[in-house]
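Each of the two complexes below includes chain A, the first together with chain B, the second together with chain C.
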Partner chain A sequence: MTKEGITVIVVSKGLEGLLHFCLTALQRALQRLMSGGEVHRVVVVDNASRPPYIQDLYRTLGVKLLRADLPLSFAAANNAAATLYPNDFYLLLNNDVLLTEETLLGMHKLMRDHPQVGLCGSRLIFPDGSIQHCGVLFGPGGIGPYHGFRKKPSDQVSRINREYQAVTGACLLVRRAVWEELGGLDESYPFGLEDIDLCLRARQRGWNVMCHNETESLHLEAMTPGRRALDIPSRKLFMKRWKGHYTLDG
Partner chain B sequence: MMVYYFLPDPGIFGGVKVACQFVSMLLSTGARAVVALPEGKAPRWFSATAPVVTHQMALENTTSSDWIMITWPPDYEWLKRLPGRLVCHCQGTDDRMHPIFADTSVPLLTCWKQAQEYVRLHFDRETVDVSIAISDDFFFDGSRKEDNRVAYMPRRGYSIARDCMRKVGSQDFIPVDGLHEQEAARCLKRSGIFLATAVGEQFGLPALEAMAAGCVVISVPVKGGMEYLHDGFNCFVVSAEEMPEKLDWLTRRENAATRSVMRLRAVSTAQRYRMVVQRRQLERLLRDELAWLKK
Partner chain C sequence: MVENFPRISVVMHTRNSQETLERAMESVSWADEIIIVDMASEDATLEIARRFTDRIISIPFYSRVDGVRNRYLEEAASEWILVLDSDEFLSYDAPRELKGLITRLGGKYDAFAMPRYNIIAGQIMKGGAWYPDYQIRLFRKGTVKWIDGTHILPEVVTGPRRLLEIRSPDCPHIHHRNYPSLQEFIRRQVDYALRDTYESDSRHFDFSDYVARAYEALAIRSDRENDGDLSHALSLVMAWDAVIRGLIQWERLSTKPPLGFFAALPIATGRVPWWRISLRRWLWRRHSMWFLIRRLREILRWIAMKAGIRRV
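After this line comes the complex of A and B, so read on.
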C-alpha cells in the first residue's frame, strides 16, 4: 500500500441527491484505498447551484466545499480545487459517477506499478450494463474523438487495461507531476473535451494514458441541465486546435 | 528522458509507418517517446497511437539526456547539432546512410538481417536488431478471397505490372494506391496474388503484408526482404522480365493447389512479423541490450 494521497474533485451543479450517492460510493472506494498515513481529500466545487449547497451537510461527510457564485468552466473549477488542495494525485470525478469499491484501488495500483502512466481513466457503464467509456478513440475527418465500444454490452468487451491516446475526465486519476507540468486543464474550453486535450498534451510530453478496465463503475452521463449546449463550442475549439495532430485509431 | 523520433513527412512511405509503430511499441514498454514531424501533422493513412509533436516543439524541449531518433539520412546533418543523443533506426542501407553508419557515436538499430550484415561488413559495427512488424489488420481472417484477383502497387514498377496485364488478360488487376491501410488490407485479403514490382526495394513491407493477407506473392528480388521471401516455398522471386511468364503459369487452373499451399505458407511466414512478436522482442531488448535507451 501507499502513503500517497489523492485529492478528489467533484464539480457539481444542483442534483444534490445524486451528489450524495456519488460521495457515499466515493467514501467506500477511498476506504478500500486507506492503508494509514496518507491524506485523501474530497473537494466538491459547488458550481453556482441554486440554492447553494449547505456547508454543514458536507462537513459531516468530511468534504471540503468550494462555492462558485458564477458558473465556472469544468477546467477552471478543477484547477481552482487542485490549487487549493494539492496532493500526489488528483481524481476528477463527475457527480453522476457511482464508483464501485475496487475501482479507485485498481486505478491507483495501475499508476503505482507503471510510473510512466500519467493519467488513468476507468471503465464506466450505463445502468443497462453497456459501455459508457472504456477509452477514447480518434476517427478521421470531422469524427474526431469518440468513446470506443459505446453501448456495447460490457461483458463482451475485453477487460485488459489498455493504453489509449485519451480517456474521459468523468473519472480520471492524474499524477501531480503531470498536472503541474501541463498547468492543469486548459480553461479555454467552455465545458467538455478539456480532458481529452489534457491527455493529448500529456502524451506529447511522453506520459502514457491508460484505461483501467478490470472494474466498472456506473455513469449516468451528462445529467446536469444545460450541460450539452456547451459541448458545441468546446468541440469547435478542440478540432481547431487538434485536428490533424492526433493519430487515427478508431 | 524522452525519445524524439524525427520524420520529414507524414506521407505514404513505409518508413513513416514503421517509425510510428516503433514509437507506439516503445510507449507500451514504458519508454517515453514521441514522433516529431515538421508541422506536427499526424499521418492519416494508417492506424496508430503514437503522439505527434512539431519539430519546433521537439527542438525546444530536447535536452542532452534525450534520445533523438533518426531514420531519414538528410536529417543527420542538422539533427547531430542538437543537444540530445543521436540513435539511428535504420530502415535502409543505401549510400546516403553511410555517414550515419560511419559515426560511431550513433548507436544503430536495424530492422532486418541484411541491414545488420551490411553494417557489419562495410563498417565493422554491430547493431541491435529491433525487427519490423506488420499491422494486425493485414492478417487473413478467412473472409472471401477471389483467386483471379491480382493486386499490385503502381507507385513503383508500374511498367512491370503493365507487362503482366498484357500477358495475362484473364485476371482482374487491382491497383493498391493512396488507400488507408485498412482499405489496403481489405483489398489484399480479397486478392489471390500480389505482384511486388518495386525494383531495388529495401525490405518490401507491402509484399510481407500481402503474404499476411494470404496472397501468393510474385516479387522482384529485394534487399532486406529476402529473409521472408523464400522462392518456390512461400512465394516466387523472379526478375522483372520473368514476372509476366510466372504469373501466367501460376494462374493456370492446374496450379490451384500450388496457390493454396503457397498462401498457407505465406500466412505462416508472416506470423513471425506480428506486432505482438516484435513487442515481446523489444521488451526483452529494453531489459538487456537496449537498456540504455530508457536511461
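After this line comes the complex of A and C, so read on.
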C-alpha cells in the first residue's frame, strides 16, 4: 500500500455484459491516474449472482472477486471489500456507471487540492444526455433527499464543482480517514440511501462533500432486477433517522 | 464478526495443488483449525499450506483419495468438520452462514449436504446433472464415512434422516474449479478410471450394463438449454468413459467372460436403449441383466422342483 492509491469497489449481481463495459471504462480511467507509485485495486463483489462470476474472466482486467452466496446489503458488501483491501481512497462504483477517461483524474485531483473534502461525487448522465446526478438536494416534509436537476439537459447545468450535503454512492470517492472515522457505510440500510447517510455523518464531523462537475459519466441507473423493491424500507429508515437534521435546499 | 461457536475444523487433502490451494485456504482461514493431509506433493503446495496452518500431515501417495479420508477425520479437534478439496473454495459469507446453520439445525441434523457450482473449461455448469451436485461436507465428527473409490458420496452413519440438503439457489455453496479445459477433463477421467477399483467377480460382469451407463450419461448430461455445446462435449466424454471402464474391468477379471461387444453396437447405430436406462435407474444400482435372468430361472426351477413338476 503506497501513497494515494484507490480501491475501487463494484458491487454487482448478474449483468456480466454491462459489468465488463463498466470495468473496461474503469481501467482506462485508472490508467490516467497512474503517475506516481500508487497501487490501485479493483474489487468486484459478486453479490449472489446466479450463476457466480468466474474469476478467470476477470483476472485479465486485474480484478479481485469477492463472492457472496447470499445477497449482502450495499453497505455490507462495500464494507467487506474495504476491510479486505484497505487503501488511501475508496471509490464506490455501480456496475451500470461507465466512467469517462478524465473523471477519476478530476475527482482525485479535487480531493488532493482540498484536504477538507472527505467525499467526492461525480456528475452522471443518462444515455439521452440528461442529468442523472450532480448532487443530492433535500426537500421539505416527506420529500427528503432527491437528485437535483434530474432529467435536465446536462449542458444547461453549471459545471462548477460545488459543495452539497450529499452525493450519490453510484460513483463516490471517499477518503480513508473518513471511512475509518465513520466505520464505513451503515449496514442497517437494506439497499439504498446508506450513501446519503454516510455523507451526512461525514459533514457532522466537519468534512466537506463535493460533486465533481467538470466531466460527466454515463449512468443507466438501477439496472439489476429486484433492486427497486429494497428502496422503500431503506427510505423509511433514513427519514426516521435524519428528518429534521438536514438543511432544506428547496 | 464471526462468532467463535460452533467450532469447526477444516480437513483438506492436497496433492500438487499449488494452482488452487491459496484460494481454498483463504476461504477457510476463519476456521478454528485447518488440517492439511498432503499426498507427497512435489510442487509449492506445502509452502502455501504453511502460510495458513501448521497442522500438516504428510502421507504417501494413494491413488484414491476417498479411501483415506476417514483416517484423518479423527485428527480434527472440533465437534464439526468441514471437508473441502484443494480445488474448491467457499464464499466470503460462508462462515457466518454455516455457523448459523449449525446453531439453528445442528441439534436435528448430523450432516449437511451443500450444493456445488462446477466450473468446467471456464463455464459454470447450470444443467440438471451438474447442478446442484449436492456434497456432504459439513458434519458432526464421527457421523460420516467415506467409501473407497473416487468421487463417491459418503455415507451418513446415523442414517439419512440426520442429513439435510441445504436448498439452493440462495444458500452457501461450494465453488469447484473442476477442469480448466476439456482436454484436462479427458485426462482426469482416464486417470480416475484406471485408478478405480472394480468388482472382481466375473459372474457380475456385464458389458452391456456399461453401455447402458454410457447412454445414461448421454441422455442425462446433455443439456443444451443450460450449458450449450459444452454439455454435449462433456456427456460424450462421460459416455466414452463408461465404455472404457467396462473394458478396464473386463481386462482385470481373472476369468474373462465373453465381452458382448455387440451390446456396444447401438453407439454406432444411434438407437437409444431406453428400457435399459430406465431399468438401471429404477433398480438404483449397477446390475447385471444376465445375472438377473439367471437368478429368475433358478427360482422358477426351484419352484418347479418343489411342486414336483417334471419338465418334459
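By definition in this document, the second predicted complex is superposed on the first by the 246 of 250 C-alpha atoms of A that agree within 3 Å, B and C clash if a C-alpha of one lies under 4 Å from a C-alpha of the other, contacts with A are read in each partner's own complex, and residues count from 1 in each chain.
Simple rule for what comes next: contacts are C-beta pairs under 8 Å (C-beta built on N, C-alpha and C of every residue); 3 or more make two chains touch, one makes a residue touch a chain.
Keep in mind the model is a prediction, meaning the values are calculated, not measured.
Of the two partner chains placed by the overlay, neither chain B nor chain C lies in contact with A:T60. With both structures placed on the common chain, the touch criterion links A:H114 to chain B but leaves chain C unconnected. In the superposition on chain A, A:Q165 contacts chain B only, with no contact to chain C. Within the superposed three-chain model, A:Q156 lies out of touch with both chain B and chain C [touch as defined at top]. In the superposition on chain A, A:D69 makes contact with chain C only, not with chain B. After superposition on the shared chain, chain A has more residues touched by B, the comparison being chain B against chain C. In the complex of the two chains, the chain A residues touching chain B come out as 114-116, 140, 163-165, 200, 203-208, 244-249. The part of chain C that touches chain A in the complex is made up of residues 23, 91-94, 97, 117, 119, 122-124, 126, 169-173, 175. Chain B contributes residues 2-3, 20, 27-28, 30-34, 40-44, 46-53, 57, 180 to its touches with chain A in the complex. Those residues of chain A lying in contact with chain C across their complex are 48, 50-52, 54-57, 66-72, 80.
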